[in-house]
Structure formats: structure tokens, C-alpha cells
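Chains: A, B and C, in written order; residue numbering restarts at 1 for each.
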Amino acid sequence: MARLTAAAVLAIIAAAPFLPMGGMRQYALHVLVQIFIWSFIGGAWSLMGRFGLISLGHGAFLGAGAYTTTLLWNFWGLTPWLGVLVAVAGAVVIGLVLGYPCFRFRVVGHYFALVTLAVGEVVRLLVIAERDWTGGSLGVTLKASAGEASLAAIQFADKRVFYYASVVVWLGGLWVWRRVDRSMARSALEAIGEDETAAASVGIRVTRFKLGITVLSAALTAVGGVLYAQYFTYVNPDTLSGIGVSLRIVFAVVLGGMYSLLGPTVGSALTIALSEYLRVLFGLKFIGMAETIYGLVLILCIIFLPAGIYGSLRAAIARRMARRRAAPA
Amino acid sequence: MIDPIFIAEAALNGILLGGVMALLALGLNLIFGVLDIVWIAYVELVMLCMYLVYFLVTGYGWPIWLGGLASVAFGAVLGVAVHLLIISPLLNSAAINQFLATGGLLFFLQSFATFLWTTDHRTVRLNLPIIEVAGMFLSFARLIAFVVAILAMIGLYLFLRHTFIGTAIRAVSQDRDAMRLMGANPQRVYVVTSAVGGAMAGLAGALLIIQYSVHPYFGAAFGPLTFMICVLGGLGNMVGAVVAAVIMSEIISVGGVMMSTEMGYVIAFVLFIVMMFARPGGILAKRE
Amino acid sequence: MTAAPPTGMLELRGVTAGYGQFTALWGVSLRVSAGEAVAVVGPNGAGKTTLMRVISGLVSPREGDLTFEGQSLARLPAHEIVAHGIAHVPEGRRIFPMLTVADNLKMGAFLRSARRGYRDSLERVYTLFPALAERQKQRAGSLSGGEQQMLAIGRALMSRPKIILLDEPSMGLAPVMVLRLFDLIRRVREEGYTILVVEQNVRQILKLVDRAYLLEVGRIKMEGRADELSEQDFVRKAYVGL
């Protein structure tokens, strides 16, 4: 049953760019590409988040990924296919530098979150500081490749290519999530999340597992950043690193549900839909109002739906089931 | 090579800046120490207070000291409002929800400020003199801000040590239930703590507006820096916060003069990360 | 040394209380009259601490009534119950470890009514417990177990209570300290305070109090005058005494 639904959904997704949408097609594709990319990134974040490693600095990996491929292409014409490897390596290094001391010295909870925040900010400031080649706060545009479409440069004028690319990447992310979910590592990490000392005392190599999942999360996030850069062909330190984007990622995942496969996707879809709706609603009329409402919605959601949409739904359903069971036959 | 006098000047400025940063860090630490919650939007509250002072002084012609008092009062009100509306419902929630709620407040305040007042930078022009000391030029405004910050910190210290409510604030973080048995309502103590934390933000705002211009994204520069100072000094550790504030401000100031402003920040933040490895509990923490 | 006003009439009727699914007390009724010293004894897990927590308001009773000087206290939050004159010295002392002895005592006088005479109360406590006076500036966490217990009791006295609840005061103390502690409690008693004490150390406590209740598995199994109860076999055999 589930397989059939999954297959049906995939079919719809595959067919989407060819469905009649009138003049809305370009816009719809644009929004969908963003949803898939951010869902993928959210999924990457949730690999850490679900085990209690709350990072407020994923912007660091995102920015590192995006800027690496962009700058390598712009300055040395290095194809992003290779650039992404460098980007991932860079993100992994950041992940290790961040993770190793933290995990070795048991920096957890609030401290860990704030350290990740610092790392995110360091990347953002580094980008701004090195404005000579990164363009600073103004950002940098991906140098256009010759012609309409270039596989080597991963630049395509046709949004549909990016649509399918982002779907494939998104599916890849889901696959990784599933693998982690079914692995031994998952139980180990859950044990660590619950009680590190107890886990260590039964022989679980805490630091190694935490580092592993951090590095994985960082690498995937960097890939997301690369895809983002290739699609938007413009990168900017505020949209891709720093606390703003990091918080948005976390919000989307928490809203959709941190512990489920499709939670990040649901959350990203909702937050992006909300963002777009507000942006269109206010246009250029009231600058800042869209974001204001976004922030307000964020606060209200967290206060009233602390388990996220998915979690709250599950709780509501569970309550209904309990009531049904308790009622006399 | 840069003339050493500039470095000395930067060093001195660093200490002066450190005073105000310490005030900020103490406010944040107070709230964290008592409530175990980090107000991610803390510096945004400062930003609001800066706007208040700006409008009162340039719009209504209030004298700066009166504007400062209004800022402190406003800050206290903001602190209580944030606590009652956002923190209270989430007191027993997971940390991540608390981060997200106060983070949402950050977005909300930054955007709302943009909506209300645009991204233009606003300055309070006070025409305070520049003093010359041994060949170094110091802004009088900065000096005053430093002195007021020090006085405020001493005031806070006395408040926490000697008053009933101040001692209660220190006690409630150690044992909430025992505090109940003393006849203190922990909720009320939290509200007072939030008011004090907010008031400090208000004071910091008044001290900052005479040195810097305010704009909706003011928090983007000072926010992360404040958090880092708090963590570096040991979250909840008041003395550590002051020490860390001076150290970070020094690095930013001197680094800013020797390289660029952003590099100054980068070095300070990198130092922060390095220190996290060396002393994860904060520089004044005891070794595990 | 003037005595504290000897008023205090505490009454529980049919109190049932617990935590979540678990019920610790079943229909417990007891009474403490002004000026009395009453003990509640019983083995571990009998519900003695729950009883104390119900009286001081940290736990709400599910059923039953709790009155003090005629006023119902059943649904009041803990910090309001203190204002009625009930001081609870909790199990495990629960002093504020990072505050000094003086600050701990100061917190005892947090109530508005207690703040005014705060300096007098402090004097009285220091006179009653000279060891605390010596250690005024010391951090409470660095005191010995016996001294912490002294501090906890002194702190309770600072609120000028009408009745003092003592929850397992001898717990975790070395035998020598226990003897000193009971001496201390006797001194407090002599000041005229009404006391309700919960103790595992049956023999010793029965020497101190007027009446006692035996609590077992959440129910009152026996009650009576202390001297009568100490003749009972259960006291001699079942429970550990000094």
C-alpha cells in the first residue's frame, strides 16, 4: 500500500514540469526547486538534530559549499563536478574542527549550539572580510558558461533540468536518511543522545559516532549549498551562512518533524510556501512586513505546536485512538 | 608598520568598548544563569532601545540622560514582555524550541524594525568632545559609556548580593523548590530577573547609541559577539563574562586597526573556537 | 529568648495523594495542636515525605482536606502556604549550596512579614545555633551534613513560623551528629514552636515528641502518645533505632 502511494507520488513529481500550468510554470518550478533543495538540506541537518546535536550554524557548511564551487569556477574554471568534491572536503574539515574538540570535551546542549553559531558566523564574516575575492556582503555571481546549457558547468537555462536534478538529490538525501535510520549507528547515537556517560560505559565510542554523523551532515549540507549556488547563480553571505539561514533550516525541520523521513520535506515545503505567499502578498509595498509575519508565525508555531506539525498530528491521533479504546464497546 | 600609538589607542578603545559589551553579556548571563534559557534576540532588544533613545533625543529633543532612563525602563518592560509571552510557555520545553522561539523573535524584531524605520542608519549627534590623552584620541562619549557601564555593573553586583530579591534571584537557580518553601514564587522571581536583564539591555542601548548608529540589523554584528563572550566566560558566570568581554573587545579593536574590521571579528571568533577546545566550560571554568 | 507565638492547629482529613499514576497516601488523617510536637514514623517508602510535601504545598492532594488554623490549604501553591505560617525543612536539607550561611538564612525571611524583623530573627537563630554564627560567611555547600541540617532548621525559623515541618532530619548524618541534632530539635521545641517531624529513627524521636502516628504503605496504622507507643513491640523490633 505504502509502496503504491510512494510510486504514485514519484510519478506525479516526475510529471510535474509537463503538467499544464499556464504562465505559472516557471514560477512553480522555481518554488519546487527551492523546496527540494531546502528539504534536502533540512534532511541533512536532521541527521544531527534527531540525535540531540542541535546545530545553529549549518550556514557554515552551506556557505562553504556554495562559495567553494562558485569561486573555483569563477577564478579557475574548475568544473563544479570536481568543485563539489573540494566543497565537501572543506565542509568535512569544518565539521571535524568543530566536532572533534566539542565531542572530546563533552561540549553539549546550549554550549554546543552556541559554538556552532559561532562557526556559522565565522564563515559569514570571513566571506565578508575577504571581499576582494568573495565580493563581501554584495555576494558573487556565478560566471556564465557559454551557451544555454552546459553539463560541465552545471548551468542550464531550462529550469526543468534543475528541477529533476534537485529531485534526484532530494531522493538521494532520503536514501541516506533511511540508511542511517536502519543502521547500527542509529541505536548507538540514540543511546548517546539519551545518556552519553552510560553509552560510553557500555563501550560505545561516543566521539567517533558523533563526529561521523556531524561529518555526514556537513558533507550533505555542502552539496545542498553547491546545488543552490548552481541554480541561483548568485551567492551572498547573508543568505547562505550566518544565523539567519541556520535558524530557518532548523525551523523548517522542527515544524515538519525532526524524527521522520519526510518531516524536513513537509516543513520546508510549508515554510517556503509561507515565505513565497508573504513575499507575493506584500511585494515591494511594505518592506520587512513579510519577514515580520514569518517571524511571528515561527514564534507562534513553536509555542503552540512544540512537537512540530507531524508530532502534534500524531499526538492528536493517538489521543483519539485512546479515547476510542477507552469508550465501552 | 602601523604607528604603535594607533595600536595603543585601539587597545584603550578596546577596554572602553569592553565595558559596554560586559554589560550586555551580564544581562544575557543573568537570564541564562537563572532561567537556563538563551535569549537569542537579546541584542535585538538593545536595538529597539537604541531606536527609542534616537527618537526621543532627535525627535522630541529630550536630553540624553533622560532618554537613557527611558531606555532602561523600556528595556525592563521589554524583558518582562518577552518572558511572559515567549519564555514562560516554553520554560520546560526542549532547548531547541527555546532557541527557535527566541530566534523567531529575532527575525520578527529585525524585520519589524525594517518595516517601521527602513534600513537607514540613524545616529544621535551629540557633539561630545574628543579628548586627547598622551597622543591618543578618545571619544568622550565612549569614555562616559564605559564609566556608566562600570557603575551599572557595580550596581548589579550590590543588588544581587544584598537585596532580598537579588539574593532570591541567585537562589532560585540553585534550588527552585526550596525557594518555594521560602515563600517566594519562582515565577515572580523570573519576571524580576527578566526585567533586570531587559533593563540592562536598555542601558546598553543608551550607551551604544551615543557611539554607533542604529539600524535594524545592528544585532547581526553585536549579537553573535555577545553570545560568544558569554560562552567564553562560562555561561552563567558573571565574572567570566566581564573578563571575556574585555578580551574579545581588545582583539576586535586591535585587530580591526591592524587588519580590517571584519578580520578583527574573525580573529576574535576564531579565538573563541580555540578557547572552546582548550576550556570548554569557559575561561574561568575549572578543569574537568 | 522570647518564644515564637505558640499558635498552630494543623489538620489533615482523608488525604489521598500521589505522583502521576502512583498513589502514595490513602485517606490519611492526622492532627497537630498548637504547642505540640508530633512525629510520623514508618519505614522507607511509607509516604512520609509525600505527607510533608502535601502539607507544604509542593504536592496537591487528590482527595481530602488540609486545614491550618481553620483555613483550607489544600489547593494553595507552596509559596502561599508558607505565608500562613508553615515552615518546611525538606528532606535532604535543600539549602542553597552556593550562597553563604547568612544568605541562606536571609532567604528564610523572604516573606514580607518576616523581612521586617529579619535582624531580630537572625540574632535569635545565631543564639540558638552558635555554630552557624561562626560560619556566617561560609558557602553553605561546604558545611558538614550536621551543620547543613542546622542551617536548614535555622532557615525555617527565619520565617517566624507557627509550625515547623521536619522531614527526615537525621537522614544521612553520622550517629554523633544525630544525637546533636535531636538535642537541637529539643531546643527548638523548648522555644515553644509547634513541630511535626517525620523520622525513621523511631526510638530517638519518640523521646522528643508528645504524640506519634505510624504510617505504613500510605496509611495510618497506629497513633497515640509517644510514651505509650514506645512500649510497642514494633518499635523495638521492626525499625532501626540508635
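The rule we apply is simple: a contact is a pair of C-beta atoms (placed from the backbone, for glycine too) under 8 Å apart; a residue touches a chain by one contact, two chains touch by 3 or more.
Remember, it's a predicted structure, so these values are computed and weren't measured experimentally.
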{"item": "Other chains in touch with both subunit A and subunit C", "value": "B"}
{"item": "Most extensive contact between chains (C-beta pair count)", "value": "A-B"}
{"item": "Farthest chain (mean CA position) relative to subunit C", "value": "A"}
{"item": "Chain whose averaged C-alpha position falls nearest the assembly-wide average", "value": "B"}
{"item": "Computed distance of Cα centres, subunit C from subunit A, in Å", "value": "56"}
{"item": "Between subunit A and subunit B, centroid-to-centroid distance (C-alpha), Å", "value": "31"}
{"item": "Cα-centroid distance, subunit B relative to subunit C, in whole angstrom", "value": "44"}
{"item": "Contact set on subunit B toward subunit A in their complex", "value": "32, 36, 38, 40, 86, 89-90, 93-97, 99-101, 103-116, 118, 216, 220, 223-224, 227-228, 230-231, 235, 260, 262-263, 265-266, 269-270, 272-273, 276-277, 280-281, 288"}
{"item": "Contact footprint of subunit B on subunit C as seen in their complex", "value": "56-58, 77-80, 82-83, 87-88, 90, 94-99, 103, 106-111, 114-115, 155, 159"}
{"item": "In the complex with subunit C, residue positions of subunit B that touch it", "value": "164, 167-168, 170-171, 174-175, 177-186"}
{"item": "Contacting residues of subunit A [partner subunit B, same complex]", "value": "49, 54, 56, 97-98, 101-102, 105-107, 109-111, 113-115, 117-119, 121-122, 125-126, 128-129, 242-244, 247, 250-251, 254, 286-292, 294-299, 302-303, 306"}
